[in-house]
């Protein structure tokens, strides 16, 4: 019975989370233009609850990596991600952020997931706004299912904590 | 004792453009043995003086004029059957095939006049009439003479729209070669290669007109030891090598000039490689050694580069670090070295001059006796062409390095090991053809240090094995049977922790406390020491470094 | 287009002008390094020159330059002093300064060839502040030192980076990571 | 409760705030970026501030260094077009044209490009210039708190993107231009659509200008901020709107005419005070001038081929490439070996969205450039910015950066 209640609670919480994603746009490159389009009229990201960008990582729970990540940029990205509050999700916006795209050289990082875990990858150089909205909806499903990277990690930590408690 | 050709040391012949198989003929190199007199003629208004007997095509090329040609090959006899090199010669009503037309005093040739240009363009149009649209699946695409000549000399659309003649696409000609008869443009180069280079008549033409087709001679198959040269000379993708086809596109490859290590001839070759892996070996022009050709056996030696490689130093068969391994080796050797005569230092006819010289100098520092190991001769493969019985690339080099110093042979080594006169062995390479008992003795000695690129035979018996780079992975030189010293350039990186042989020797030396005279930063410095010490090589230039060059950007190929 | 600039340079500096050429309408003058500063100040201040606008500054690495086939004019790499030779001490880098005069509407490119061993040229950033960052960029990517530059730091890459990536002998994909995911360390 | 405070203020209690250590008398170092809302793209500024006043600003670019040059040295001349798209990704068409012009000069094709191709290039370039200025002005206005204009301008930009997409097939990274022309003709009915878009845009421009030009806050934030004198602008190698705002009468389209620009009537707006407000006004005016050029071009554009008829430069049509050996070979040589360019070097420049955009290409006769340097205006402009922000307040960095319009891809290459 208790499990039932807690799981329902969890679902309710996830339902709330998925419709109130606060994005931190980590805009570095070309994809930023398309990110503007996504946020602007016509494709209006706000319709999906991702109301408007938060430029402080501490207030955001969705990190959108928009554009190429370079080796020089890596530490900054890592720090921003660490500063975000749990639970948090990451979208790699565009092929550069996903794999490095056709920038395979000494300074372009082969994908942001070299530095931080990514939940949803969006292909395209840059991706069309429709793609981005699609990715957002996919992420929302993930949030509802509760199998985003950080959600899983939190669950795992909880289990470990309880196991420890049981031992003592 | 060794006749040294100073030019051979630096691969100047082709390292300038290590991307053009076969390399362009340097104007200096006469095709016929130096004729007594020279002839002066005019081509496109430019006067040119060439050796008597030269043909107009070569004379034009020496001027930098590129006349299109399919059937002509500087290493073969003249067939003049493709009609692609037609030029107009004054006082001559008809166009002349410039490959067949020998130069005459005061001859006036036009290669760019409307008549000959039109003729050549139309020949290309005819040649393409029955050519299949195969480029995407053709191994020659990217290095295809037909592609190059069409693109540079015609580049016009076809005006004829007829059904292409269909011929067999996959004909098995022999152990190494597959024929696609549709792509063949009937230039007969391959036939002449078999007849003139291999000396065996194994290919023929059958039928006539647009049904004419290449085939094997009755009761024959294309299995001569030089058969793969037909693939090189084929101007299209008609003949393809079973070993290379469908493995790698030519424009993905990079070329590095080197020397074939298959036997003592030392054919000049190009290593075609990509992503740290060699994909094929092709001959490189050197009229003093191998001309345009090399043997099939030599072409397949690159497979060795990926088989049973020793990638990390091993102690008793277990992986170790360089420092540990050389330190342990030095400790093991300390005892036997009290009486240097009991330490056998074995040079290898398979390794480069630099590696052998480094080891010989280490032996001198120890005052230890030198031995020589080599792969046994194979009389069966010797012919009066390129193949010789000695399958070691560098025997002459080792002899020159040893010089006056006594050089024990394998028998002496074996007896020494069996009688216990030898208590420690430091050997180079993985060829130590001694008897099983000797091998067992070596294993028991527990003081056998191997510097080897492959983990084979005696290397398994060694107490300590140090990984060294193979021939295609490091800069060095080898000395062929005629005593010509030839440069090899690094094409790919050595696997794992392997380092150049001379470097491994230097590490061992510094661990053993004799590193003062046995230490170098670069193969060039080893070379400097070596040429200073080995008399017949004194003054030989090292030659400049050559970097891999992408075939696709090597200029016009084919 | 601005032949008179080249003529003036030749007249004033004589053999300090190693070579001049007109490449597709751009006038190029290859000058001796010792005279670079004098030539620059002449170009800047002489009333007939008045090159007031710095356009760009970069370098060319001639390490792998080779004439291809038989086309085209002999490339700069074919000059004897550019020959890398056995131990790579030929003139390897050409530092290029593109200048324009808004007053006279003419432009010129000054080149200065240096060896790898002492890859340094006098800095023109004091004369044309626009060259400040451009010289830093050239230093960063080619490793050419600009004597007298007030702060010659890396500008694109990070200080931990070893080597100069636009040199022809730097592999294109040789990365030098600053940070990687702990669970991925070792893969790269 | 104490924990909560710790969470919020990072210290146990406001009471134990030590003035001596927490508010030192000497200069304070503040870090901005590399990920900061007011930074277009990613750039880092290390500021030494005396209270709110900036004493020294060390601007550090390079966070988007994508190695354009190294990539270009390993690609054929045709493969480089996509990389040029991503230099100044706000006006990609202009980069395409500039690069194509450079290669054409090396090939000796300058002046032999079909007239229709030249006109198409001018049209798409001017549309790109408009999108560039729209983005720049809109974004800067937003950063100054005026969110309305941003939405208005992005709406307009969306219309133009849609049009560009119909032309090239891509919204943003077009790769539409080719060596010797453009890769396909303009679609049917392009003129009417563009005309309608422009008319609608002019309406929006009126709205936005009425929102900004007389807006007290906007005015105060822009006027007299980041002043640059004419002499400074020239010595720092500035060009484009930045230089023109300082009164430097230099526009490549007028001073070194290229393509078919001499045939058009348009004016080059000049500023007098060289401050941010002038830069804004000039950009707005250039949008109108571009519209003028477009309207003329729509009337003057001739019929004809859109790419040069030269088998060694232009790709054959796909239908032929798949069906005839001749076209197949041409396609192969073009793709595999690249366009063969005779050895030589040239510097070709044109008026980009931000100023003089130049390509310095060195060829060694192969199918790839031996060197392909790009003279990016943003980089040059940014090098002067540390001077501009000096002695201003931290808040003034926002308009200054907005009007410098630093584009990461172009600045860091």
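Letters are used for the chains, namely A, B, C and D, taken in the order the chains are written, and counting of residues starts over at 1 for each.
In this section, contacts are C-beta pairs under 8 Å (C-beta built on N, C-alpha and C of every residue); 3 or more make two chains touch, one makes a residue touch a chain.
Small disclaimer: the values here were computed from a predicted structure and weren't measured.
A.B. asks: Once you count every C-beta pair in contact for both, which comes out on top, C-D or A-C?
C.D. replies: Between C-D and A-C, the larger count of C-beta pairs in contact belongs to C-D.
A.B. asks: Please indicate which chain is farthest from chain D, where distance is taken between mean Cα coordinates of the chains.
C.D. replies: With centres defined by C-alpha atoms, farthest from chain D sits B.
A.B. asks: Suppose every chain is reduced to the average of its Cα atoms; which one is closest to the average of all protein Cα atoms?
C.D. replies: If we average C-alpha coordinates per chain, C lands closest to the whole-structure average.
A.B. asks: If you average the Cα atoms of chain B and of chain C to get two centres, how far apart are those centres in Å?
C.D. replies: The separation of the two C-alpha centroids amounts to 39 Å.
A.B. asks: Using the average of all C-alpha atoms in each chain as its centre, how far is it in Å between chain C and chain D?
C.D. replies: 25
A.B. asks: Between chain A and chain C, tell me the centre distance in angstrom, where each centre is the average of that chain's C-alpha atoms.
C.D. replies: About 44 Å separates the centre of chain A from that of chain C.
A.B. asks: What whole-Å value do you get for the distance between chain A and chain D if each is reduced to the mean of its CA atoms?
C.D. replies: That gives a centre separation of 29 Å.
A.B. asks: Where in chain D do residues touch at least two different other chains?
C.D. replies: Answer for chain D, listing residues that touch two or more other chains: 62, 65, 67, 70-71, 340, 365-366.
A.B. asks: If a residue has to touch 2 or more other chains to count, which residues of chain C qualify?
C.D. replies: Each of 66, 68-69, 156-158, 165, 172 in chain C touches at least two other chains.
A.B. asks: Going through chain A residue by residue, note those that touch at least 2 other chains and give them in order.
C.D. replies: If we look for residues of chain A contacting two or more partner chains, we find 72, 105-107.
A.B. asks: In their complex, what parts of chain D are in touch with chain A?
C.D. replies: Its residues touching chain A are 34-37, 41-42, 62-67, 70-71, 82-83, 85-86, 89-90, 135, 139, 150-151, 154-155, 157-158, 161, 171-173, 408-409.
A.B. asks: What residues of chain D sit close enough to touch chain C in their complex?
C.D. replies: Residues of chain D touching chain C: 60-62, 65, 67, 69-71, 74, 105-106, 234-238, 248, 250, 255, 340, 342-347, 349, 356, 358, 360, 362, 364-366, 370-371, 373, 375, 379-380, 382-384, 412-413.
A.B. asks: Could you please specify the touching residues of chain A with respect to chain C in the complex?
C.D. replies: So the residues of chain A in touch with chain C come to 71-72, 74-75, 78, 104-107, 109, 113-117.
A.B. asks: Help me check something: in the complex, which residues belonging to chain B touch chain D?
C.D. replies: 128, 131-133, 135-136, 141-142, 146-148, 150-151, 155-158, 251, 552-556
A.B. asks: Quick check: in the complex, which residue numbers of chain C touch chain A?
C.D. replies: 156-158, 165, 170-181, 184, 188
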